[in-house]
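In the two assemblies presented below, chain A is common to both, partnered first by chain B and then by chain C.
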Partner chain A sequence: MKLKMLYSFLKTDIDEIEKELNLAIESDTSLLKDASLHLLQAGGKRIRPVFVLLAAKAGDYDIHVIKNVAVALELIHMASLVHDDVIDDAELRRGRTTIKAQWDNQVAMYTGDYMFARALDYMTIIEKPAAHQILSNAIVELCIGEIAQIEDKYRFDQNLRDYLRRIKRKTALLIAVSCQLGAIAGNTPEKIHTSLYRFGYYVGMAYQITDDILDFTSSEEELGKPAGGDLSQGNITLPVLYALKDPQLNKRIRRVHGDMPRAEMELLIQDIIATDAISKSYDMSQQYLKKALKELDALPQSRAKKSLRDIALFIGKRKY
Partner chain B sequence: MHRSKVQWKWGKAMNSIDNSLWVDDTLLHIEKQIHHSYLHNSIGAPDIDANRLSLLLLPFQYREKYSELDRSYVSTAMLIQTALDTHEKVSKDESGSLRLRQLTVLAGDYYSGLYYQILSQIPDVKLIRRIAHAIQEINEHKINIMSKNLSLLEDLLSSLKKIESAIISQVFIHKGFEDFVPVAEDMLVLNRLIQEESLYSSGEDSILFSYLARMIPSKTPSVYQEKHLLDLYRDLVGKRQKQIVQKLKELGIPFESLKGSLFAILSPIAVDPKIFVEEG
Partner chain C sequence: MKLKMLYSFLKTDIDEIEKELNLAIESDTSLLKDASLHLLQAGGKRIRPVFVLLAAKAGDYDIHVIKNVAVALELIHMASLVHDDVIDDAELRRGRTTIKAQWDNQVAMYTGDYMFARALDYMTIIEKPAAHQILSNAIVELCIGEIAQIEDKYRFDQNLRDYLRRIKRKTALLIAVSCQLGAIAGNTPEKIHTSLYRFGYYVGMAYQITDDILDFTSSEEELGKPAGGDLSQGNITLPVLYALKDPQLNKRIRRVHGDMPRAEMELLIQDIIATDAISKSYDMSQQYLKKALKELDALPQSRAKKSLRDIALFIGKRKY
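This part shows the complex of A and B:
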């Protein structure tokens, strides 16, 4: 089953958001518009807007209000992708050339800054100070998380806590606040929007752990890049942390560096997969998903609640 | 709607108010907000533009009042400017250290996030919106310049003015200091012209000098081209200086009262005292 089928009843509103995203990147400066459109047309799951809409269904759902939060969250995500491609020196994103590859780093920097500003512009239509405090804190934390990821590269003495804190900032927070801000824009009581925040947080953690597992277990074709790329780049993910507990693997993993021969790296990846590191990581992802589903108990029965549950389960089972 | 001009009066106590205290206090506040040990150990702490800060403080000096809230507004404007300036350092090509480039991108993103965080804590949603508009405008002009969409020098100067002053202008408008916007625009564009000249003299690319070079008649012997170019530059700077002096006069600000780094903006080349006599 495709992800989109899990929230098909929102199709009209998702289309409305897509239209609004196209309007949001309108600019008299043709290069800026072309660059933004280049990324927008590459598609994407639009998972953050979907979470915003589904969470808002727990309150007073008015698409004309809610769409501003959904568009803002997607634009923030897109802005971070444009800058991430400069950071990672990436040539491809969603099967298309990146903005930095199609034009250059400078165009990518300006486009990312422009998109971020457009996001805040949309967000200010929501005048609730709490919404801005939540979002701005998440953005700052997201940046701190990305900086920490660079700081922690090839640092093999890090622990589980370091990893969890990093993926919280890197991935889970923006999903958590997508849920919470949708609920706040829908005027839900605090109990509901904090439950939805926690739901998004747990789903985001499970999502990132799954991503980190798939980096080992998927084929190069599925990933669009060589498997085990995270480890070769020095990113210590959960499967690696578990594998480090094996004394033999520990020694070999600690020798990983940026220029390690591909054959040696592939052998190491196979040996990590052969341990229980993947299944233990999978268990942790499942624990987060269980917690996420429990948070939904606070919500009344509805189609939106069912969709949130189905999306969480989908994330737990996804193969790529 | 026509808005009557406010005549700004130089406060009685102004000469005794030491602006450098406010500058130092605000700088310290910004440094505290912006501090990130790993980031700054790796790429260095960002340069906070003291000229810009002095300029931001100018209307507050006039009002002789600078509250903690005002300091937050000023810090916010400086933070977002620092964010955009940091992103300017991201190299166009792939040369240089990857790690340096990665952290420079993230530092700029981090400072942008801080601007939003500070204003949301105040909370001032209206200023968040105003500054967001300024950032959009700035990036549109930056892209226009880099894609060489501008054919005339005047268009370039107008874009540079927006790039340099859009944020300060929004803070001034927000605080009811609209009368200071024209002088701030001219001072900041003058500051930029000076920076362009120093790029040119050190052999680096200068967008301004590439436009000026187009204005030199092709028949000009090469030995005179350099002189011609610098004459055009000095003419441009001189005109701006005169405009600034005139605008300061309209605001009722005695030129002699502008001390320190703010004055330095006005004296990139020896300022002819006659200019002030003529205008004053």
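This part shows the complex of A and C:
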């Protein structure tokens, strides 16, 4: 079962958004266009636009309005990916060379800025001050999350709260506001859009935890980038936090540094996988998904509600 | 005569904005706060906030509303400076080490993102869709201008139009919208805020041309960074464009590259100064200022109008 089968009734509208994304990055500056297009064509799940559309289905769904919000959210996400790759010094993203690898850090930085600015442009069609407050607040938190990730690198004494706050800022909030802004743009009552916000938040938490698990358990081919990359870059994710509770592993993990030999790192990753760190992380992801599904009770039955439910369940099982 | 003497009647409000800027960058993430504070404390003319306030004086001036626009514009400007320093690989800004020199490119990138996001946060207090459209459009153009500057480096066959379009995007538009948004937030009629937009645009063009002249004619001490930096980094500014018309200088300028010996570069700069390139650039700056002053005819007499006029005249004469 593929993810996009879960919302196939939206296909025409998703295609429309893809077309709009291509228009959004049009520019008479070829460097900017080439770099943006490079990232756009690498694909991606477009999960934020999908959430925007599905949430809007709970209200007055007008694709000509909603698509602007969907495009804005995807552009903000893409901008953060481009800037993320500069931080991570990443060479590969979605199986393709990154903008910073193909061009350089400078081009990556301004391409991100440009996508971000274009996103704001698209959002201006929504004439609801609350929507803009919600979005700008999420973006502030996103930036704080990114900086916190730099600060927290190789900080082996951090706790679960640090991790959860970081992934909330880094991932969950933007998915939460994708749902909420879709619902607000669809003129739903507050009860509905706050439920959808929480749904998105819980799904986002589960999504990032799964991502952090897959970084351990997937192959380079499946990930589109080297496996075990998080730990070797000093990112302390949930599986690492659990593994740190094992006194032996604790000592070995604390010795991780940027230039650790590949073989030693691979052995460490295998030994972490052999503990209950992965299954415990998986359990936490499931708890978040359970909470997410409960939020959907606020919504009347519909195809969109079923899709939201199916996507949440899919995220709990995803392998890539 | 100091610049700030020209709007001394606004002193209380300018102090209020300075206080608000400090609050704006407050964060529980110390890295983010330190880096932002580092830039904030380096000072700067705060010319965008001043334009916001003076423009708002043409309408209903409420400092509690206007200050949000002023803070937003200054934060956007600061964010662009931080990102600019990454591009330019600059070590000094306003006589202080840059964020990218004090920390690194990554921190500079996210500090810029954060300031930018906080700016949007401040803007959400303005519940006028047009204001947000104007601002987001200016930011898009700003990003295009920054990328164009990378593309146009060492491109010695560019013309005046390329240069003017670049400085429009890079500098003039943000000053133009500072004036316009101040006026819009002050509920002025369209005739007034478009005049103020044009005033800001012309002043911004003159301001950047003067900046480009001063890069040639000022000392390192006055600039707070090495003199002649533009040309040595391959930035083709207005004095360079005029100097390129001299066949001898043309040959020498076309040989400029990143590793040109300092002595050779200094000689070239002296020889450019010895031509009419500087005075011709100065003439163009004066033309823009003349146009700027004419736009002020649309405004009734007031202290604010006098300040706008005096600032424009000051820019025409500024030496640093």
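Definition applied: the second predicted complex is superposed on the first by the 317 of 320 C-alpha atoms of A that agree within 3 Å, B and C clash if a C-alpha of one lies under 4 Å from a C-alpha of the other, contacts with A are read in each partner's own complex, and residues count from 1 in each chain.
We adopt the following convention: a residue touches a chain if its C-beta (ideal position, glycine included) is under 8 Å from a C-beta of that chain, and two chains touch if they have at least 3 such contacts.
The model shown is predicted, which means the values in this text are computed figures rather than measured ones.
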{"item": "Simultaneous placement of chain C and chain B on chain A, clash or fit", "value": "clash"}
{"item": "Contacts of A:Q106 with chain B and chain C, given as first, second, both or neither", "value": "both"}
{"item": "Which superposed partner A:L120 touches (first chain B, second chain C, both, neither)", "value": "both"}
{"item": "Contacts of A:N137 with chain B and chain C, given as first, second, both or neither", "value": "both"}
{"item": "Which of chain B and chain C A:I147 touches, first, second, both or neither", "value": "both"}
{"item": "Set of chain A residues, in rising order, touched by both chain B and chain C", "value": "27-29, 31-32, 83, 86-87, 105-107, 109-111, 113-114, 116-118, 120-121, 123-124, 127, 129, 132-133, 135-137, 139-140, 142-144, 146-148, 150-151"}
{"item": "Chain C residues touching chain A - in the complex, by the definition given at the top", "value": "27-32, 83, 86-87, 105-107, 109-111, 113-114, 116-118, 120-121, 123-124, 127, 129, 132-133, 135-137, 139-140, 142-144, 146-148, 150-151"}
{"item": "Parts of chain A lying in touch with chain B, wherever the complex brings them together", "value": "27-29, 31-32, 80, 83, 86-87, 89, 104-107, 109-111, 113-114, 116-118, 120-121, 123-124, 127, 129, 132-133, 135-137, 139-140, 142-144, 146-148, 150-151"}
{"item": "Parts of chain B lying in touch with chain A, wherever the complex brings them together", "value": "36, 38-39, 83-84, 87-88, 90-94, 98-99, 101-103, 105-110, 112-114, 116-117, 119-121, 123, 125-126, 128-129, 132-133, 135-136, 139-140, 142-144, 146-147, 149"}
